[in-house]
Each structure stands twice: as C-alpha cells, then as structure tokens.
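Please read the structure below before turning to the comments.
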Amino acid sequence: QEPLKELGKGEGQLSIVAWPGYIERGETDKNYDWVTEFEKKTGCKVSVKTAATSDEMVALMNEGGFDLVTASGDASLRLVAGKRVQPINTALIPSWKTIDERMQNAPWHTANDVHYGTPYVWGPNVLMYNTEAFKGQPPKSWNVVFEEMTLPDGKSNKGRIQAYDGPIHVADAANYLMAHKPELGIKDPYELNEDQYKAALDLLRVQRTLVGRYWHDAMIQIDDFKNEGVVASGSWPFQVNLMQAEKQPISSIIPEEGVTGWADTTMLHAESEHPNCAYMWMEHTLSPKVQGDVSAWFGANPSVGAACKGNELLTDQGCATNGYNDFDKVKFWKTPVAKCASQSECVPYHRWVSDYIGVIGGR
Amino acid sequence: MRSEKTNRAPLGLKIAAAAGLAFMHLPILLIFLYAFTTEEKTYQFPPPGLTTQWFAVAWNRPDVWAALTLSVKVAAIATAAALVLGTLCAAAVSQTRFFGRETVSLLVILPIALPGIITGIALRSAFSMADIPFSFWTIVLGHATFCIVVVYNNAVARFRRISGSLIEASLDLGADGFQTFRYVILPNIGTALLAGGMLAFALSFDEVIVTTFTAGQQSTLPIWMLEELIRPRQRPVTNVVAMIVVIVTFLPILGAYYLTRDGDQIAGAGK
Amino acid sequence: MTTAVLFDNVSRHFGAVRAVDRVNLSITEGEFFAMLGPSGSGKTTCLRLMAGFEQPSAGHIEIFGETAEGVPPYRRSVNTVFQDYALFPHLSILDNVAYGLMVKGIGREERRKAAGDALAMVKLPGYGARRPGQLSGGQRQRVALARALVNKPKVLLLDEPLGALDLKLREQMQEELKSLQKSLGITFVFVTHDQGEALSMADRIAVFNEGRIQQLGRPEDVYNRPKTRFVADFVGSSNVLSSKLCQKLGLTASYASLRPEAVAIAPASDGALSLSGTVAGRSFLGATNRIVVDVEGSRIAVASPAAQAVPEIGSPVTLSFATRDLHPMEDA
Amino acid sequence: MTVVAESLVLPERRSTAGRLSDFFWRHPRVLLTVLLGPPLLWLGIVYLGSLFALLLQSFFSIDEFSGLINYEFTLATYRQLLSEANLDIILRTVAMAALVTLVSAFIAFPIAYYAARYARGKWKALFYLAVMLPLWSSYLVKVYAWKLILAKEGILTWVFEKLNLIWLLDAWLALPIVGGNSLSVSYTGTFIVFVYVWMPFMILPVQAALERVPANLIEASSDLGGTPAQTFRHVLFPLALPGIVAGSIFTFSLTLGDYIIPQIIGSSRLFIGQAVYAQQGTAGNIPLAAAFTVVPIVIMGAYLWMAKRMGAFDAL
Amino acid sequence: MTTAVLFDNVSRHFGAVRAVDRVNLSITEGEFFAMLGPSGSGKTTCLRLMAGFEQPSAGHIEIFGETAEGVPPYRRSVNTVFQDYALFPHLSILDNVAYGLMVKGIGREERRKAAGDALAMVKLPGYGARRPGQLSGGQRQRVALARALVNKPKVLLLDEPLGALDLKLREQMQEELKSLQKSLGITFVFVTHDQGEALSMADRIAVFNEGRIQQLGRPEDVYNRPKTRFVADFVGSSNVLSSKLCQKLGLTASYASLRPEAVAIAPASDGALSLSGTVAGRSFLGATNRIVVDVEGSRIAVASPAAQAVPEIGSPVTLSFATRDLHPMEDA
C-alpha cells in the first residue's frame, strides 16, 4: 500500500482505538484536554474506543471501522504483518523531525525502513504499592508479587497482590527470572526457549496462589486497591497518578530487576475512511503541549524532547520522575515470535495466550 | 381452590418466602440509597451524607438523555417487530395444523434459551460477513430476535384460551376472515399482546450482552451504564437513572398484571 | 315440501378415523330433525359439514337445492348454536346478538333494534347491557339462540345446546325451543346424545353409530321398532332378547327387542307369551319400579307401575308380554 | 330483523378484503404461508443462518501472529477447544450453572408456592410486583451493587463485623475452592450474584405450574391419608416440575453465557461466556470463539429437548 | 345400629353466604345415603365438612361417635370420590390406587397387590400401567372408586360421581355402585342433583335447598309425599295444585301435590276427583306421553301410557284422580 501523497481537507470525523487515559477531553479533569481544541481547529470530531489489552486492540483493528490505534510494541508489528495498518508519509507531518531520536526509527513501528505511525508516549510498568501496608519500607524487588512473604504490616501478601491479565505478563516473570535465576540464560524476556518459558510459567503458578483477581481494566484496579485490600501490583503510572490525586496512600517504584514497558505508536488503519483527519491528529499529538499533557496525565514519557520543558502539567521535573532517562532499562513490549534473535527457537505468542489462560484457571 | 380462604400458610413457608423476597429486594434498596449519597467517586458504606442533587445533575447530563432516547427507540421498534412476528407465529401455531408445528415453538424459544453471547456473536459475524455496518438497526434486529418469544408465549397462551368455536361462531354469523380478526380475535388477544409487548420492551431496554455485539458506536442505556460503572465520573448519577427506570416502569408492570390476571399467568415473563 | 339439507353419500374421514361414513339424509324444510348417538358417533361432524366448517371427503351436500361445497361458512345462510354457546366475551349481550347484522353492514340503530327484539323473543329483554360472564348457563343458551335467529337463517343447527344445563332447566328449555321452532317455522337440526330429549322434541330422528346412520324415522318408530340391536340398546332401555330366548319363544329372528313397560309380572293370559326367572334387582324410579329379572342368564328389565307390589330379590317370577310387543331386529 | 336471506348462498362480497378472505378460505395453505412466512424468514433464515455461519467458522483456524482468519477447513480449533485449560473452563461453567439452577429453584419455590396457593387479591398483585421489579431493575446496576456488598471492605464485612461474626466469614473464606481472599474474588461471590440475578426468572414459571395444579388433587391426597409433607413430596412437587424445568432453561442458559458477572465478581478464572468474549473480542480468534459457543448450544439443545418431552414448554 | 355420621345443628357460612345452615342428620352405618338438591344448595359443603376439608362455623360433627372437629382429612377414615375424579395425572393407574397405602407406609409389593385387587373389583384388571389421561370418563370414575375403596374407609363420600358421564354409562355405573355398596357394606354418602339417581339408588334421601334440609326420608316418601312445594317441584315432576284449585277440590291445605302418573284423562269414576281443561302440549317420552293440560290458568301434567290415544292440542279433556293421591304440603 502506498502512503498518502498529499494532505486534503478534513473529513469531519476521526475514530481512534486507544488505551484508557490516552485521549482526554477534560471529562475527568478539565485541565487535561487535548481533544476539544483539535476538534475546533480541524473540524474533525473525535470518537474514542478504549481497549484494555493489546490483543483487544488488534482484534478491534482487524474488525475495522477505525482510523487510528495507539498500539504498543506487542501489537504494532502484528498489525503490520496482518496488513491492518498503512505506511505513513512522514513528509505530511511537519513535526516528525522534532521526535526524540531514540524513537524515530524504533523497531516497533519501522519495518524495512518504512514507518507505520508516529510515536505517541512511552513508559514503564511500575510496581505500585500501598504505603500503609509497607509502613515506610518501600519494596525494592518484584518479589512481593511473585513470592509469598510477610509484608511490613505483619500480614502475608497472599490475596493482597495483583497481576496484569494479559499474556504479555509472562515477560514480567521472565524479567524477574533474568535477575534471580541467571542459570536459565534468559537474555530477552520476550524471547524464551522451552525451559525458560516453563520456568516463567512455574513462577506464574506460584503467583496465582497469591492473586485474588487479576487486573484487566485500569479503573477496576484502582477500585480493587481501594476496596479489596490489594496492596501491591505491577501497574501503569496512570493509576498511581489518579490515586495519588485522590489522596490515597499509594506510591510506585522501578524495582531493582528493571521493568517491562510500552512505547506506543499512533498507527493508521489500512482502510481508514478519514485519513486527512488522521494525519492532522498525528501532527497534533506531536506538539510539545499535547505530548507533555499526555505524559503528565498518564505518567508517561513524551516522544518529543521539547515537551520536557515548560509544560505546566508535566512540570520540569516530570520527565525525570517518569523515567525519561531510564529508556535503556525498559524492556519494551514486543510480540514473542518463534524465530527469535537471541536464540534458535522461542515459544511463540499464541502459546503465551493459551497457557496464561491455563495458569489463571489454575492449571 | 375454594377452601383456601380458610387455609393459613405454614410458618416455615412464610419465612422462606419472606427471606427469598428480602434477598431479592435488599440490594435494590441499596441501589436506591446510593442515588442519594454525597460521595461521588466511590461507593462508601455507610454513605457519608445524603443529598438529592444527583437528580438535577442527571437531568442536565446530555449523555443520559442520549442513551435513554436511544434505548427507548430501540426497545419500541424491537417490540413492534416482535409484536407482529410473535402474533403471526402464535396465530399459525394455534389456529392451524402443519408439519413441523412443534419445531416452530422450539425455534422461537431458541434465541432466548441460548445464551445472549451466542445470539450476539452469531449476528455480529453474520453482519460483518454480509457487510452490514453496525447501526441502530442492527441493534433492533438483535433485540427483536429474542423479544419474539415473549410475545409469542403470551399470545399462544391466550389463543389457547379463546375457544375455537368463538372464531367459528364469527364465521358462522357471516363475518369473513378479516372481520373475524378485527372484531373477535384482536379484542380477545389484545391484552395478552399488550402484556407481551411490555415484557419485550423491558427485555430490550435492559439488554447488554446482545447489544454489545450488535452495536457500533451507539450507546444504549445499559451500554452507557457499563461505561459509567467502569469509568465513573459521577457515580450516583448511574443510580439515579437506574432508580428512575424502576419507578417509571412500576405502573406498566402493574397494568400488564391486571390486564392478564384472570387469564393465563404471564409466564416466563421478563426472560 | 322443499328439501332443506341433502346429504348424498357423504363421508368425512380424518386420517384413519371415519367420522362420517357414507351418510344419506334429506331434511325437509320446517322440520325439527334430531341426530342422536353416542359420543364420537359423528353427529358434530355432520353438523359442521352443514355449517361449512368441514368439507366432505366424498359425497355431495346440497342446502336448499344449491351445492354447498366450496361455500365458506360466512356465506351460508345457516346458523349454529354452539354447544358451549361461544358467546363473544368482549362484547355486551346486545352486541353479541347484533354481531351478524353488524358484519353485514346494517346500521347501528337498526341492528340494535333487531337485536333487542330477538332478546325479547328469547325472554331476555333488558339484558342487553350485560356481559356473557354475568349470565347463567340457561340465559347464555338463550342469547346464543337469539344471536343465531336474528340473522333469519334458513336452517338452524344446534349442537347439544342443552348438554351443560341442569335437568330442571333443560326440561324448561326443551319446551321453549320446541315452541319457538313451531312459531318461526325454521328448519332445526338438533344434535343430542340424550334419547329422551330426541324423542320428546324431534319430528324425525337419525340414530348415529360410528359415523353411520343406524335408523332414521319418527320417534315412535325408533323407540318402538328399533331396527338394530344398537338402536334398541341405545334408545330407551329396551330389552334385547338373545337368540336363545328368541328360539325358545318360537321366533325366527335371531334378536328381538322388548320394552320394559310392555312386560308384566303375572302369569300369561290368553295369547300372551311368558318366561320365568328370578328377581335380580329392583330400584325405585318414582313413577315406576324397575325390576331386573334373570331369565336363564339374560337380564330382562321390567317397568312395573309404582302402585304394584314389588317382589323380593331372589324370588321366582313369571313374565308375560304380548307377541306384538316383540320386535325382530337386524343383527348389527 | 330485516335481513332475509333469499338463498342459501349470500352474495359474494365485492371488497378486496372479502375476496381475499374467500381466497384464503379456499386455500388455507396460502394463509398459513402468509402467517408463518415472516417469522420463519426472520428466525429460520436470519437467526439460524447466523448461527450456522458462526458454527462454520469453528472449522476455520486463525493465524497466530497476525490474528487473521485462515479460511481452510480444519479441526485444529476443536483440538484447541479440548485443551485442558479450556476443558476446565467448560466444566467450571457447567458446574456453576447447574448449582445456580438448583439453588435458584430452591429459593424460588417457596415464593412461587406462596404466591400461587396463599396470596389472594391485593397480596397476589403485590407478590407479582415484587417478582417483576427486580427483573426490571438494571442488570448492571444490580451486579455493581453486589460488588459493594461483597467487597473485602464492603457492606457484608461491615455487617459481620457489627454482629461479631467476622470469624464465620473468615472461616468460610478459608475453605478451599469456595473460599478466597474476599467474597468478591471467590466462587462463592460469583455464585451468589448469579443466583441473585437469574433466580427471579425461575419464580414465574414455577408459580404458573403450581397454579395449574388443581386444588382437588391436594385435597385428594390429604383425603387418602397423605400428610402435608407427603402431599408435597408425591403430588405437588412432581406436578410443579415442568415449571421448574421451564425456569431452569433460563437460569441455566443465562449463567452459561454470562461474561459480565464473573468478570466483576470472581477470581479471574474464566467462564465460557468470558472465554467466548475474550476469544472473540480480545484475541480476535473467531474460530475458537465459535467452537466455544458450540458447548452451550449442545448443552441447551439437549436441555430443550428434554424439557419439551417433560411438557415444560407449556409452563413457559 | 351405629351412627356413622352425625350432624348436630351444623352451619358453615362463607361471609354472608350460608352454604350450610343448621343441618341435623344422622347417617346409619351401612346405609346408602343420598343428598339431593339444586346447584348451590350446600351438598358439596356438607360432604367437605364430613371429609374434613371444611370446618363448621357452628354446630358439632361426629363420625362413629368421635368428635370430628380439628381432625385433619388425612386422619379421618373417610374417603372421597371427587366429582371430577381428581386422579393424579403424573402417576400410573396402579400408583393412583396404591397412593393411600403408600402414604401409610405399606410396602411396595403388598400395596401393589391390594391395588391390583381393587382394580379387579371395579372391573379394570390390567389397566394398572396406564395413565389417567388414557382412560375414558367411566373408567376414570372407577379408578377413583378403587382408589378410595382400597383404603377400606368406614364412610365413602361421593360427590356427583356420575355427573360427567353419558346417560347410558351413568345407568350402568349406578347399578354397579349400588351392588358394590351392598357387597362391601360400607356407608355411602352420595351427592347428586339428579332426582332419578337419588330415588333409584338411595336408602334414604336428604333434599337440600339453600343450605337447609327440606325433607329427609325414604325415596318413596320423598317422591310420593313431598313435604314442601320445593320438594314436590324438585323431585319427580309432580304437579303442584295452587290454593285456588285446592279450594275448588274442597281441600283445607293451601297447596297440594299430584303426580302426573296418578292422573287419568277420563271422566271421573266413583269417589274420584275431577277437573276439566284444554290440552296445551304433548310430547312423546317413549314409555309414556306427557300431556300438559291447562286448568283455569294452572298447568297440570299427565303421564299417559304410550298405548293410550293422545288428544289433540286445544281439545277439551277431563282429568280424574283419586283423593289419596293428593298430598297437602307446607308452603315453603
């Protein structure tokens, strides 16, 4: 498919599949609004469909009817392979050149030197915890969510932790094993041979005994921290920010094992009906203002360096707090494939999917 | 039944029935209670304070009105379609004899006896195969499919009660088929159709699962509620809406009861 | 004399069931015609063939000389009084009666007047505003009658119209129906399984069994001279003398009928026949005592006037009767 | 009395309705077709057609990487359906549906019985309303109300605390399988909410069946020496059974397919509805989703067949 | 002679309705006792009081000398044959009959045997495996009977058990019931609104009207010597002579009854009374002709033997009857 040659008039409409919290029009907090102005400026009316997991995003895009998707690394190449998204003409996006160099040619949206979208924001999967349960002794390791232990408040962590309800969470277990079982020889948490994979699943089976309910939806996780006595879980900075704003005793850290993370790309559907509006939106999202606002709201890092300075909501320390400088420590989500780079044969994603359902089901 | 006036229910039965009813209703009272709470972000128990402000807030929220209007429209049209199809089917099954008559009742029951998710997915994939875009009409189609059975059940039960000789009497007295329908059949099944229609409306009005699969971007009241419950802005507004729906539907339910009371029970109601 | 209804070899089969089987009959205009027979013998089916609710499987039906097949019920000037009355529950009594006129397009005032007159004729003036549910069985029956009669049908079909009524009420209605038929001169075809009813009301009776007419004739003929065993058994409580007894009495027929009231408990006088047996049962019927006598294994019932002494059970008695009261019968 | 028929056959009506009526009378098959056509077209063609199309999909497979459907006949999807993890899901769901049905019948029976046999006049209307109102209140709002009730820091805990019965709750939650960290993440919680939401669907059919039991059968039993308990066991219950079966069609099927309740109240172990939803929506694996739907279809098919034989459809 | 059932001033009121009103009766062991009366006269309610389905509002009931109040139906050795049989539709015929034994805890084999015997007694051997729906009305009636009798009740209550049956079947069942009662010696209390049935079957009859007993006595007494106008009217088709006619005939009573079969159409012979009038109607009843004669505005029915000639309608006739056939009555 050939990318768009030149920009025309807006079609008046734009529909986007996005992670919750990615596209705000001031309904939750009126300070966070990067849609209203865009609509006024371009006449493109934005509608958003949120998706809680990457798989859901892929499914929605396969089904069609959307223009854009904010795909994470574990979804983006699948979309490219499935020809669900089209290459973009960077020349039609004036702000392309302002993009952080680390992101400009990132492998999750570039295939054979062709770009399939504009970087949106990126961030780590942090360890969120309840400060009262940890009584001033913040956790240092992911072990609080993988192994049974007594927390500083004197009670066991059993039933009080959560884990992400997506197969990609297997990578978190692999990441933990990378640090704690070096003998397995894991080099990349997304590239696991049978033995490594089995060890990760075993670890997840232990975790199953500790988890009451897996988290699937950011808002429900917030609810569970408030009402279900959950005190620690892998999470997104988004939830941390929201709860802190509500004055909940919540904090987060990047544990010593490092973290997995996401770097998301705004990708254009192969059969988009509103490509002009879509290009306008991509351009819009690359403005330092929007980049800064999204980063502040979601607890993410901008893909445009300029956003780190002078954004009211993000503040000048924002980027540092959200880990802008830890880019290299984050193992970004990507889709596990059989033909992997670090070793001869890896367990492919479809097995992650079915086995993770099995683990949660108690197998 | 004649001596039952003098019979008293055994105490154990009374207690069991009362406990069952309490189980059914206490959570609903809770829903009502939270329509008045002053806390808007979480459902704190007991509520920190009580207020009636949410009624005004709900009244002024355009999204509430949009969802409500859509739901009413969908339910109304689905009910109308179910009324026509259900009545035709009931008339055919109860007034004539044909091969496969038994199968028809099975076919009519199927969309409600199969879990909604199956109906939903089946229709959804059929729509996308036939390249029908999701719209208001795809929702209506999905709803009408499982509403037919309620109308059908009510109508069949009533047809069974109209003695066959009533229709023959009309023909005998010189009324042709259409006159007989107009002057005898319709007046006699009217209340049953009304009751069936109301139940169909209620079913459609509260259907989430089938709607989830047959709606595009439209948001009916239950879809709106799902969104609100997962991503709350002003939580009590959802309760206000739920409460008002219950209260507003109170009278029609009572009406349906009195309309069909001395006839067949409105059995299988509200499926 | 015009023929009102003609059945020419009419059959109506439902699958394997021969509900009506090669029936021939011709009902004369103005006649009170009764169809008598046990349950399932095809009476209702015959009536429905006349009304047009059923079509014959074979044979031909004429009503007043015109072919009836293919004419829908609503275009036949034949009306029916249904067994369960089939009053329209949603209409007032007056509107029920006016229904036939309404669907013919008669104006409101005119049809209400006609309906009022019809109600007066069945002695229910002033009941017009009620609903069918507010009337007693006998009253409903009369409304059904008025509803049919207001259309001035040429033939009125009545399917056991008195079946649901109390004995007392039934007797009263029998008289009323009979006199109404006389005064209107309409042809009545009346279905019943009550022999008394048929005997007392009809000009002619057709006795049905298993879809066929067993005997067709005046009540006296049917009662006194049953043609078949079945008729003897079913109409009145005639005794059927077995071939053994017939032989003993020197008859050639293999069966004969003998009415209980034709038998006396007394030694035979000149020219009378006699049989002897023992009393097996007796019951008081008001006007008569019914005494059952065992004669060589056959039971013969005797209707003995109440005034006469009743012999004890077990006592031997002699029965006597005139030769002319014995009616030889076909075997069927 | 003005209309006198001159001949047997009244004049033919000239109106279209009259002629059409005659036509239908002479050709009852055509009338039947006109009556049955539209509903059969809808249900038999549109609905059944969709179902078959869906089932057809279960014989395709999905490309694991791109998530696109591979339109070639294969039984691979069924092999996948029969994996241990998926069998767990099926078993778990069927067991839950059966239990929910059983307990719903248990709770519904006294209510239906009282309403059918003892409630009269105003009380009867009140009972009817009391049964209908929960059916008319939003399913979702009810489920969320239960989330509040069952949460670890929810109303039930609060009540148990006030009653000093918290040990009882803890003891229950300590049990294997039915227990868990809190009611809202345990099978117990899922079960309670299922029963709560679907039980009302059981009451009306049971009540209808009970109302059809002639009062004199009860008297006959009593007359023949049956104590009230024996009368219940030998007469009332067997005669109400078709109603229970009719009601259970709903409790069973609705439990079998629900994905919202176990998602909100539960331990993240999937039920069939969730699996279908996840495979269809989240994973975009329509073939596997379709294969999953075969399970409820087969179960409900057998169930309906049995129910029909028991005469339960008359009680619907 | 033991008293099986005793009603001492028993009343049962439903709100304002006095279903049973100060009834006294005493039924003797082994008796065939009939309760006769029009619809709504309280017969069923009396039966339900005996069975224990109703409790008296006032008065006292004893069954075999024991107080019945407060004893639930399932502890009374009284069984009922219900009007519509009330067979359990979900049980086989055998299990229906064995029901009473089952709830008493009799073992499976034993009760099946007893039930089989009971079925044989009512002439339904081999029907045990069927369902009630597969039997005809008369067969169901017999099953209901067997189901009651298998419990060996001391009193059997029968509420219009023959009401739903065909005339023919009814007559047959009447005989069977009667002989069964004789052979078993059980007390039967039989409700009917058919006077013929009551007269032919019962040892004694209680005639009910509006909750009260109008007359209690042997069938002959009730039929021949009705105590009240109501009884005369209801039992048999007695003529009631108005006070005007009574005066004319020189009687002191204000009403008198005169049975149709006691009247002859003939000039009065010695010592007989006579009246003259005109023939108003006539109908053939099989054994007799019923001739209705108008006498000064009152109608008097005459049962004239079928053999005798029937006068034309409108012709003047003289009626004659014996003084002893005139029965003076109370006004009620």
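Per-chain numbering from 1; labels A, B, C, D and E assigned in written order.
Criterion: contacts are C-beta pairs under 8 Å (C-beta built on N, C-alpha and C of every residue); 3 or more make two chains touch, one makes a residue touch a chain.
Here's who's who by UniProt: B, D = Spermidine/putrescine ABC transporter permease; C, E = Polyamine ABC transporter ATP-binding protein.
Everything numeric here is computed off the predicted structure, so don't read it as measured data.
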Neighbouring chains common to chain A and chain D, by label: B
Which chain pair is joined by more contacting C-beta pairs, C-D or D-E? D-E
If you average the CA atoms of chain B and of chain C, how far apart do the two points sit, in angstrom? 52
Would you mind pulling out the distance in Å between where the CA atoms of chain A average out and where those of chain E do? 91
Taking each chain's mean CA coordinate, chain A and chain B are separated, in whole Å, by 41
If I count partner chains per residue in chain E, which residues reach a count of at least 2? 53
Among the residues of chain B, which are close enough to touch at least two other chains? 3, 5, 174, 176, 179
In chain A, the residues touching two or more other chains are 63, 220, 226-227
Note which residues of chain B are touching chain D in the complex, please. 1-5, 7-10, 13-14, 16-17, 20-21, 23-25, 27-28, 30-31, 34, 43, 45-46, 84-86, 88-89, 91-92, 96, 98, 102, 104-119, 121-123, 125-126, 129, 141, 144-145, 148, 153, 174, 176-179, 202, 206, 208-209, 221-222, 225-226, 229, 238-239, 242, 245-246, 249-250, 253-254, 257-258, 261, 264-271
Can you tell me which positions in chain C touch chain D when the two form their complex? 63-64, 66, 68, 70-72, 74-78, 101, 104, 106, 110, 114, 117-118, 150-154
Per the touch rule above, chain B residues touching chain C in the complex are 163, 165-166, 168-176, 179, 183-184, 187-188
Chain A to chain D touching residues, read off their complex: 52-53, 55-56, 58-59, 62-63, 78, 81-84, 158-160, 165, 211-214, 216, 220, 226-229, 335, 337, 348-350, 353-355, 357-358, 360-363
For the complex, which residues does chain E have touching chain D? 51-53, 72-75, 78-80, 82, 84, 86-90, 99-100, 102-104, 147-148, 151
